[in-house]
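Two complexes come next, and they have one chain in common, chain A, joined by chain B in the first and chain C in the second.
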Partner chain A sequence: MSALRQYGALSRRSIVNTIRQPAAIVPALVFPLIFLALTAAALDRSTDLPGFPRVDSFLQFAVATTIVQGSLFGAIAAGADMAKDIEGGFFERLVASPVARTSILVGRLAGAATLGFTQAWIYLGITSLFGLEVEGGAVAMVLISLVSAVVGAGIGSLAVAFGLRTGSNEAVQGAFPLLFVLLFFSSAFFPRTLMEGWFAGVAGANPISHLIEGLRSLVITGLDAGELLNALAVAAGLLVLGIAAAAAALRGRLKAAHG
Partner chain B sequence: MSAVTWAVARRSLVLIPRLPSTFVPSMVMPIFFTIVFSEGFRGLANLPGFPARETVDWFVPMSAIMGAGFAGITLGMGVARDLEGGFYDRLLSSPAPRPSLITGSLMAAAARSLLPFALVMVVGVLMGASFAGGVVPSVGLLLVAATGVSMITAGWSVAIALRLKTQQSAPLMQVGFFLLMFLSTLQMPLNLLTGWLHDVARINPMTQVLDLARAGFLDLVSWGQVWPGLVALAGMLVVLVGFAARSLQKVIP
Partner chain C sequence: MAGMSGTAAAPVLAQGLVRRFGDVVAVDGIDLEVREGEVFGFLGPNGAGKSTTVRMLTTLLRPTDGRAVVAGHDVVHEAAAVRRKIGVALQEAAIDPLMTGRELLRLQAILHGIDRPESRKREERLLDTVGLTAAADRRVGTYSGGMRRRLDLALALMHEPVVMFLDEPTTGLDPNSRLALWDEVRELNARGTTVFLTTQYMEEADRLAGRVAIIDEGRIVARGTPAELKARVGEPILRVLLPDGADPARAREILEGFGQDADGDGALAIHLKGGASRMGPVSRALDEAGVPVEGLELHQPTLDDVFHEATGRRLEGADEDQAEEAPRKGRRRGKA
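Let's turn to the complex of A and B:
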């Protein structure tokens, strides 16, 4: 089997695996939506504050956060699936076969990217039913979903690295709150223009703020190349970092498997 | 209070140092909420109609209630673990009075809520909480609300554990509490909520409990601010402890 067909087969397995596990995928889709519904309803009046970006509603402000949140949730599933492959012995069988080592990672990352891409469209579609208007139009929606795919693959590769290092599904699931912390110490739920002191400094230094603000600008302002490039830079940085971490973890796991 | 009630409560408290991983999140989360909500949403204090001068006065009581709620949920998780491991069957086959199994959990929940409560108070003081109604009324009313909520979530989570008999029911215990909190005035006061959330929060008894918890932090306390919260606490306690008692009946052989 050629390397390309191996990539295809393992990517398909990862995507099918995700679709066939509603217990893993439904919370990743639904929780960010519930959280959006609650915060959009609770904080809608905060958009009247002087200094708040010009938006139609808090829903319009927060939808970018929901998309990134969904990618984070979905990415954890990629790491957990890798750990389950190790726990269940599938990884050992894969390593014993003549399959290209890179396809092990590529398959997982393709699954995470597909999930990130699909989730973005689902969130944009559902929130449109509740009055969301994306100022950048269809082009912005395509760009948002592409960035979401890169974020999914980036965070997914970090989760896969963690899954490879620990070989424990429980450990991967337990790492999720760390990502949640990163989200809360950013401008995910409130604009930086209304933050003060050390918190404003932390949120400003947090790359997640720039990722979300870039995506948010496509929703609330329109096509803004500078903001979009910021978001892309963070997403690409996450992907490069994640792939490097996953590759190193895979090498370590293979070395251990070969004694 | 029977000796069995004390024994059940004591066993739960002894498990804190022995199984810290089950208790630590209920201490860390409220501190995290205090910092993130008070600092991240600082701008809300400038909103006309917002009842606190500083957001820390609004979010410290909410965080203490969250911590107490999670402390109560650890009791349900403990019952689920005991059911899976078979210890609960041994308790049921002993001559221990059945109500003591529930009252012991409630006692333990109230005791477990004290540690996160104390930590949130310390963080609140460090962050400049003003205790506008005086330190004793502020802390006293919040303590009543927090211990009450810990017993309510203990009743809820023990009932779920007894019905489902698995530790995998933990997310359901947590989501139930999360929804009760988020569908109230957790983030914003009732006068600044709009639409469906305003309607839901108005009839959600947790809104009255949060009013009670926040009363001393926002202004001088009056009886009119206190009694609705006490009634809401008592009502939820009766319903959820009743739910736990009925669930216990179902597992008695």
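Let's turn to the complex of A and C:
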């Protein structure tokens, strides 16, 4: 019971922290939308290319990218906040209290998951004003937001691991461009059916492609179990990997003091 | 460890505590015993090993060697039990600036497993104690340095700890905030909490602590009550200020009977045998001999003198302390 209250309290703190730092979170929220607006305007005709999936508009094709992009960028905040806790000494305060060690991670991850979930609805809401139709309907939208939450927690935990290792907010922010690389070398902005050569190989191997394609299928074709399972597998894989990395980093940091 | 079991009731007990960071020995085999209900001052310059010691005693850092028992539990093998019983206000109040004072107090209560009704009661009482009721719902980022320290104190008190560790609680505070915090430490102690206070300010240790250990380069160089320590350094210095036209030779003759000559920085001065209680007789003797006196100033040895005697150096930050006081004390220090 006490551990549950601790989880709840630290999760709430993490969410409140996010809301109270608009300068950190608004760009992560708005930037993917600007990107979407630009690509939707510039690349709309590309949907006529032979081999391009059947879509209403480039907006419908790309909204899944926007959602994943948002949860990737937003998750960086979890790592940055963890690093700030270390820099500011709050982490030490937590460690000096009889708090369950797991709640230090759970709090951050719950915050990142909530952010991912909320962002997905914000993007779906805004794009629907510009004519987006989600073929899978309300069920698909719920699934999309849940996957976005898992991705947020997964990438969030990787960022938290990095924050715990480095203890530096700047270092965490510095890792931000890596996410761009992951996105650009995927099928985020173009279908793999139209890719050729080494790029097609890289995009095919990039798990982000499968994540985005799974979410995209919910938007452009409806409920497709195969595609959805791919996306879920990537999101769950990220989460497992992230939690393992974050737990190891937390152990490492505590051991550095206690070793 | 037989030596430790004999005094197991001591809230803080350390034997041969060592902490190395690579080749650097930050704490070099210190023994400490803090008695129940006292304010124990741990005085030393920056980098002497104060914070490293506190971090070991509060389970944040594992000792390289030696052993410590805090609130009846071993800091290494029973760290969780220690954490439940201690309050810790670390250097540079580590407080989340985005949260309000009240939110942080509530979080602290949850982290310590205090139920909601009890948490609310303590929250109001603590806010009142540290004078932050009006600012409770403001974000900590808007607090002054003194307010942050006071909140930090309240946070550390939320679970009613047996031993309170205050690591340099007033470093960086303005004189008024420092005095206010001292009052709070006194009140806290008056309610029965044992306080382990580290400080680089000799005046702080002198005013607050019943007993003091002075640490330098990882070793304890002196320990005792402030009065004992100062007495070890020597007699206080009495400066006799004469008006124009008075006969200094006659005055000197009288003073010879009360102690040896001292450097009075331009004034007549002696090391006054028997301390302050002998000031009356000196005054009377001068009066009876017809030597007019403009003033008598007694300068007690300070803990800084104790530190100087033990290490040959002055405490860092002591100058800052002195600057806030009368310049005469600075001259006294200059000579010692």
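Following the convention adopted for this analysis, the second predicted complex is superposed on the first by the 257 of 259 C-alpha atoms of A that agree within 3 Å, B and C clash if a C-alpha of one lies under 4 Å from a C-alpha of the other, contacts with A are read in each partner's own complex, and residues count from 1 in each chain.
We take it that a contact is a pair of C-beta atoms (placed from the backbone, for glycine too) under 8 Å apart; a residue touches a chain by one contact, two chains touch by 3 or more.
Quick caveat: nothing in here was measured; it's all calculated off a predicted structure.
Of the two partner chains placed by superposition, A:148 touches none, neither chain B nor chain C.
When the two structures are aligned on the shared chain, A:166 is found in touch with neither chain B nor chain C. When both complexes are overlaid on chain A, the residue A:185 reaches chain B alone and has no touch with chain C. When the two complexes are overlaid on their common chain A, residue A:97 makes contact with chain C while staying clear of chain B.
By the touch criterion defined above, A:50 lies against chain B but remains apart from chain C after alignment on the C-alpha atoms of chain A. When the shared chain is aligned, chain B comes close enough to touch A:195, but chain C does not.
In the superposed model, A:41 lies in contact with chain B only, and not with chain C.
Interface residues of chain C facing chain A in the complex, by the touch rule stated above, are 55, 58-62, 80, 83-84, 86, 88, 90, 92-99, 103, 106-108, 110-113, 139, 155. By the touch criterion stated above, chain A contacts chain C in their complex at residues 2, 5-6, 8-10, 13, 16-17, 20-21, 85, 88-90, 92-99, 257-259. Considering their complex, residues 32, 36, 39-44, 46-47, 182-183, 186-188, 192-197 of chain B touch chain A. By the touch criterion given at the top, residues 38-39, 41-46, 48-52, 181, 184-185, 189-191, 194-199, 203 of chain A touch chain B in their complex.
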